[in-house]
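Remarks on the structure that follows.
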Amino acid sequence: MSLLSVEGLGIAFGGLKAVDDVSFSVNPGEIVSVIGPNGAGKTTLFNMISGVYMPRSGRVRLNGEDVTGYAPHLLARRGMSRTFQNLQIFQNMTVLENAIAGFHLREKGSVFADLFGLPGSRRRSRDARTGARELLARVGLANAAELEAGSLSYGALKRLEIARALALDTKVLLLDEPAAGCNAVETEEIDHLIAEVAASGVAILLVEHDMKMVMRISNHIVVLDHGVKIAEGEPGAVSRDPNVIAAYLGTKTEEPSHAHG
Amino acid sequence: MPELMQFLLSGVTVGAVYALVALGFTIIYNASDVVNFAQGEFVMLGGMITVFAFDAGLQLPLAALIAIALTAAIGVALNKLAIEPARGAPVVSLIIITIGASIFIRGVTQLVFDKQLHRFPAFTGDEPIRILAATILPQSLWVIAGAVVVFVALWLFFTRTLTGKAVLATSNNRLAAQLVGINTKWVMTLSFALSAAIGALAGVLVTPITLTSYDLGIALALKGFAAAMLGGMGNPKGALVGGLLLGLFEALTAGFISSQYKDAVAFIVILAVLFAMPQGLFGRNTVNRV
Amino acid sequence: MTMRLTTKQTTLLVLALIIAATPFFFPSAFYFRVGSLVFVNGVAVLGIVILTGFAGQISLGHAGFAGIGAYASALAPVHLGLHPAFAALLGAALSALIAYVVGRPILRLKGYYLAVASLGFGILVSMVLSNEAWLTGGPDGIAVADLGLRQALGHMGLKLSAPEFWYFFCGLCLLVGAWLALNLHDSPTGRALRALHGSEIAASTVGVDVPRAKLQAFVISAVYASASGSLLALQNKFITPDVAGYMHSIELVTMAVLGGAGSVLGAIFGAGILTLLPQVLTVFAEYEQVVLGLVMMLVMIFLREGLLPSLMRQFTGRGA
Amino acid sequence: MLTVEGLRSRYGRIEALHGIDLHIDSGEIVTIVGANGAGKTTLLRCLSGLQPVSAGQIIFRGEALTTTPAFKRLERGLAQSPEGRQIFTNLTVEENLRLGAFLFTDDRVDRDMENAFRMFPILKEKRNLAAGGLSGGQQQMLAIARALMGRPSCLLLDEPSMGLAPILVQQIFDVVRSMRDLKVTVLLVEQNAFGALSVADRGYVMETGRITMEGPAGELLADPRVREAYLGI
Amino acid sequence: EIRIGATVSATGPASFLGDPEAKTLEMLVEEINAKGGVNGEQLKLVLYDDGGDPNKARTFATRLVEDDEVVAIIGGTTTGTTMSIVPVAEDAEVPFISLAGAIEIIDPVKHWVFKTPHTDRMACQKIFEDMKKNAISKIGVISGTDGFGASMHKQCVAVAGDYGIEIAADETYGPQDADMTPQLTNIKGTAGVQAVLNAGFGQGPSIVTRNYSQLAVGLPLYQSHGVASDGFIELAGAKAAEGVRLPGTALLVAGILTEGDSQKAVVTDYKAAYEKKTGSAVSTFGGYAHDALRILVDAIGRAGSAEPEAIRDAIEGTSGLVGTTGVVTMAADNHLGLDLSAFRMLEIKDGGWTIIE
């Protein structure tokens, strides 16, 4: 059974059907990419899956359980985490604290233990701190740990978000344009990170406009246009699909061809 | 029911006072996202300066004009000296600054003028006007008319003029506003001048009804704030409707339920409305995509 | 062991030192009185630190809880025969309960909408306190029973005058309050609060139950306010509805923000400044308001993170 | 047209730019490439006046611009499409564009707006909706279109292709190219170094607050260091 | 030098009362010192403004006794502030003369506590006496929700029965309200009401009076001593205020007191001096402060000592002292020393005050 499955999901804003009857599924260890033109409904799809928006129709199943419209923190408890296209950083905290916040589910205990600083609470904090430092090292932000999060550059914030999302005991990870704002070399680093995470058995759902990256790491690609799924399949097949080329890829003159694969 | 009619007239009178104060909040809020807690002091200044100018022998219209101009200047000074230097500070800090400013203005007023209650004559006499067995003072009509005129002017300003849009843009994204060539400092100056002038105008209109004294501002600011939030902060329509509704709730509660708890009932209604509509009746629903 | 822990220990140490050492410079009991007021206000302000500084939620009605605490201490001994100390505890429990019930709906609101809703709550409380004169004594206030602890200490050989007793007792309460708040700051719950302050949506995606966390902050801060109200009532042995008034709510928020809402020591510092200021300004009573207003504006303009954090930054290059 | 000499800028105590020298001739397209945190955005913010300069000079069309307030720089002809898009989320798409031409009240405003709509048809579709509801890429288009509404003689673009679908990325580079015909000077900051260097005349490479390389775009594109560090080849 | 302490509400919601009190105290101390002081010693007034906050009042009271080492305290503009000063004065054993109205201040008698204003109860009694005289037995009451209005309301409800008066309608308004027509409409609509009584101070009563005339209620309107100042007629408007009755002090009608009136000299002097010094009209409240200081100075003089205990005893022995509020004669069981005769029933006629007894 697939870990995450989406069945006939749909939502509308005003008259606009932003997402319309979209279905697909993701298995553990698999990387599924959602691509499509700007405004196709990719982020909206993410928002419905992760409980930010309430879908108007359709179902989201996590591990077989119907979790449609569950609040994000309930989904987090069930192992879903995500990053945001429009960065959502805790600006009032340090980089390290941002990462520690990712461990919330593992470190939280009773308020009383926290108020009275009981040993249990202190130990959990300590563990989270250690874990967070490791994660920061993994995304290349070890040196920035004590800085205020607000002082990072865009690309660094992007990576901080990924670190925070990884901190959860994730089973399903939703990444919304993780490589935006990163150059080709940095993108490749993120590639590796994602592949590594997937290899550990996490189901990954990825939205990304960097086709090199998408083609390189996806097992499966879903193509949206105007909220509707217009194609689906292996990277190779999708990239040759004339509909996809017309709606999304265009004729590629800008990409250095030898960088493919 | 003549009682009902009387309650309604009372509600509209008081509501128009609240609406005028609430309308004063809109411009500064729209330019900077700051609720200016010194708005009540502008109302007070409008009344007090008029009183003293009038007592000094000036014609009432002239006294009122001086009061409005002076208050606008004070508004500009407040912006230049206190708000502008604190640019970029978090909103709570700005709230504290405006509260500080209101205390300061109150303190100075009490030194420059006095701590007595004052009033000046109603514009068109005190002969009550009868409407369906109930009565209303002519000055109330002035207040209502004032609220409506200010509302229309503000509404046109924000929907029909580029300057109005520039004001909105400034609060929405100050950096971007500068990038498109908006002189955000000037926008702020303008906003404070206008807000203060509207406040002073309110003071001039309501003083014959409510009387004025150096410490009248707090109560008015609170009610005006509540009214503005009920209607939805930043929207002139909200300020007008919120003010009138608040006045009506109070009057009807005082009339039919309990005068002791009229303010309580008004607040409970506000809570209920906000519960159903967290942005107030006409508040803009900010979309922030993630 | 880590940086953070030392911050906490320094804060507590500094606080304890101030409480213990300043009395050596006190020429009269009046100073004990003022000192204890600083601490009483400090306790309430700590609640604001948790609610506003940590969780970023504005309340303009927190004095309402101080009112509940104060009047519980005044009324429970008379009507329920409780010892004043238990009455104060009852007040805290009642405040927590009311905060729990009220907090649920109003914490859904944001920013100024939350401000106006909490304002309404505060006004409601003070209105009940002054309107229900049969129970509360109305606007003119009501007498409060003696706590009796001073006498008890006296019997045990520790003889303190009333101002001395209240100074040290309130100081102790403040220390405990500060210790709790500091614990919270660097605990999982505290981080969750600060996280939702930064971004509610991101906080919830990392698993923070945002409404619940806000409610926790609200309830905890209500208990602080209630304790502060009880201390005030017990110390003054007399209480009026002003304790729950709008002005008092504003005062509390101002103290917190002026001193530095995000910092425990800073906020207490703010409570100190605003409590002492009127006493200092009596020399030019006429200008008191003018000066108070000016101080508020100047601090916020030039030290926008609040007095203490800004000053610390000046000296050490980093916030408190 | 635009000359920058010894430009330094700091965030609090930390200096982000350690003396930048660069120049752009009239009508030129110049690109800056560099890793995350190199200081590209900071440099553009200095140029458009959003970020205070601690030392050095900015000279634009022969006049010093260093202390000119941000809002006056558009009057001089300098427009920016900033990082993070910075659109007016509470205003409609059309209002955003109209404000882009805040300085103008002539008929050309309408024509420019029609042009913008032709360039990005989706914006026309959404003209009466709050810009905050747009998708990330749509907002990016709006930010670029808004900058163009200001009739700049020099356009500063901070990662204009970010978040855009490949088909639109091509289009953005086409737009940049078309600036050459309109005699608009362009300073382009891009992570898509390949694309940027392909359209640009010249390029600079920035590393931790310093310019470390400069030259004609073609040369940089061929430089092995650039290829390894920024093109991933 | 004899140090006298005072804490009044010169600012805040009760500044309407506290401001003239502060000015009066300053003026009189200056006057007394100019005339050589008391017992050959100069008076030193330590005056604080508590802003109407009982908590602050208590702190200032502590400061007065602990730091300023005053021999007596005057103050407590409101009942709330007074009640929080009382424990301080009692503990420190310093005589305290309050300027607030409530009867609780001196009933039961507290060893160190005195007061100068009539009690609210006396104001109610005076008004009800007049109503009774006019065969009024059913009235409507409207009162402010502030301390003054609430306290007077409570007392009036308590003593109404003594005069055979029934309160058929009972309404309130907030101290800063702008319109009271709904409440007055309800009173007007209550069957059988023969008169209306308004307990309050500040702008409320002026607005009530104007609304009352707007609604053409047509029944006698009684105001409280809380509005007893010339300013009231001006604020309410002479036309609206016409016929309003209230219990006032001699101070208010200084000009029309008969030559033989024992208070004439005192009130005329005070009024003239105050109005010259401040440029604003005297009010009953300044008069309270005037009387408090006079009583204190008189007591110090008689005691021949500035010891708190001696002063206290002397205050208790005050007899026949002519003040602005009345002729004060205290006793061990009477720390007020005024009776109903000190109030005069006044009516506003042709924009001025007349005595109707």
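First chain written, first letter: the chains are A, B, C, D and E, and each begins at residue 1.
In this section, a residue touches a chain if its C-beta (ideal position, glycine included) is under 8 Å from a C-beta of that chain, and two chains touch if they have at least 3 such contacts.
Composition by chain, UniProt nomenclature: A, D = ABC transporter ATP-binding protein; B, C = Branched-chain amino acid ABC transporter permease.
Since we're looking at a predicted model, the values are computed, not measured.
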At minimum, the number of touching-chain hops separating chain A from chain E is 2
For chain B and chain D, which third chains touch each of them? A
Farthest chain relative to chain C (centres taken as mean CA coordinates): D
Averaged over CA atoms, how far is the centre of chain C from the centre of chain D? Could you give it in whole Å? 49
Centroid spacing, where centroids are CA-atom means, of chain C and chain E in whole angstrom: 36
State, to the nearest whole Å, the distance from the C-alpha centre of chain D to the C-alpha centre of chain E. 73
Of all residues in chain A, which are in touch with two or more distinct other chains? 43, 52, 84-86, 88
Shared-interface residues of chain B (touching two or more other chains) are 110, 260, 263, 288-290
Which positions in chain D are in touch with at least two other chains? 133-136
By the touch definition up top, name every chain pair that qualifies. A-B, A-C, A-D, B-C, B-D, B-E, C-E
Given the complex with chain D, which residues does chain B contribute to the contact? 162, 165-166, 168-169, 172-173, 175-184, 284, 286-289
Would you mind writing out the residues of chain C in touch with chain E in their complex? 27-31, 33-34, 37, 130-131, 133, 138-141, 143, 162-163, 232, 236-240, 242-243, 278-279, 282, 285, 288-289
Which of the residues in chain A end up touching chain C in this complex? 50-52, 71-73, 75-77, 81-82, 84, 88-93, 97, 100-102, 104-105, 107-109, 111, 113-117, 121, 124-125, 128-129, 149, 164-165, 167-168
Which part of chain A faces chain D closely enough to touch in the complex? 13-14, 36-40, 42-44, 85-86, 151-156, 158-159, 177, 180-188, 209, 211, 247-256, 258-259
Residues of chain E touching chain B in the complex: 10-13, 15-16, 19, 145, 171-174, 176-179, 181-183, 185-186, 189, 202-203, 206-207, 210, 214-216, 231, 234-235, 237, 239-240, 280
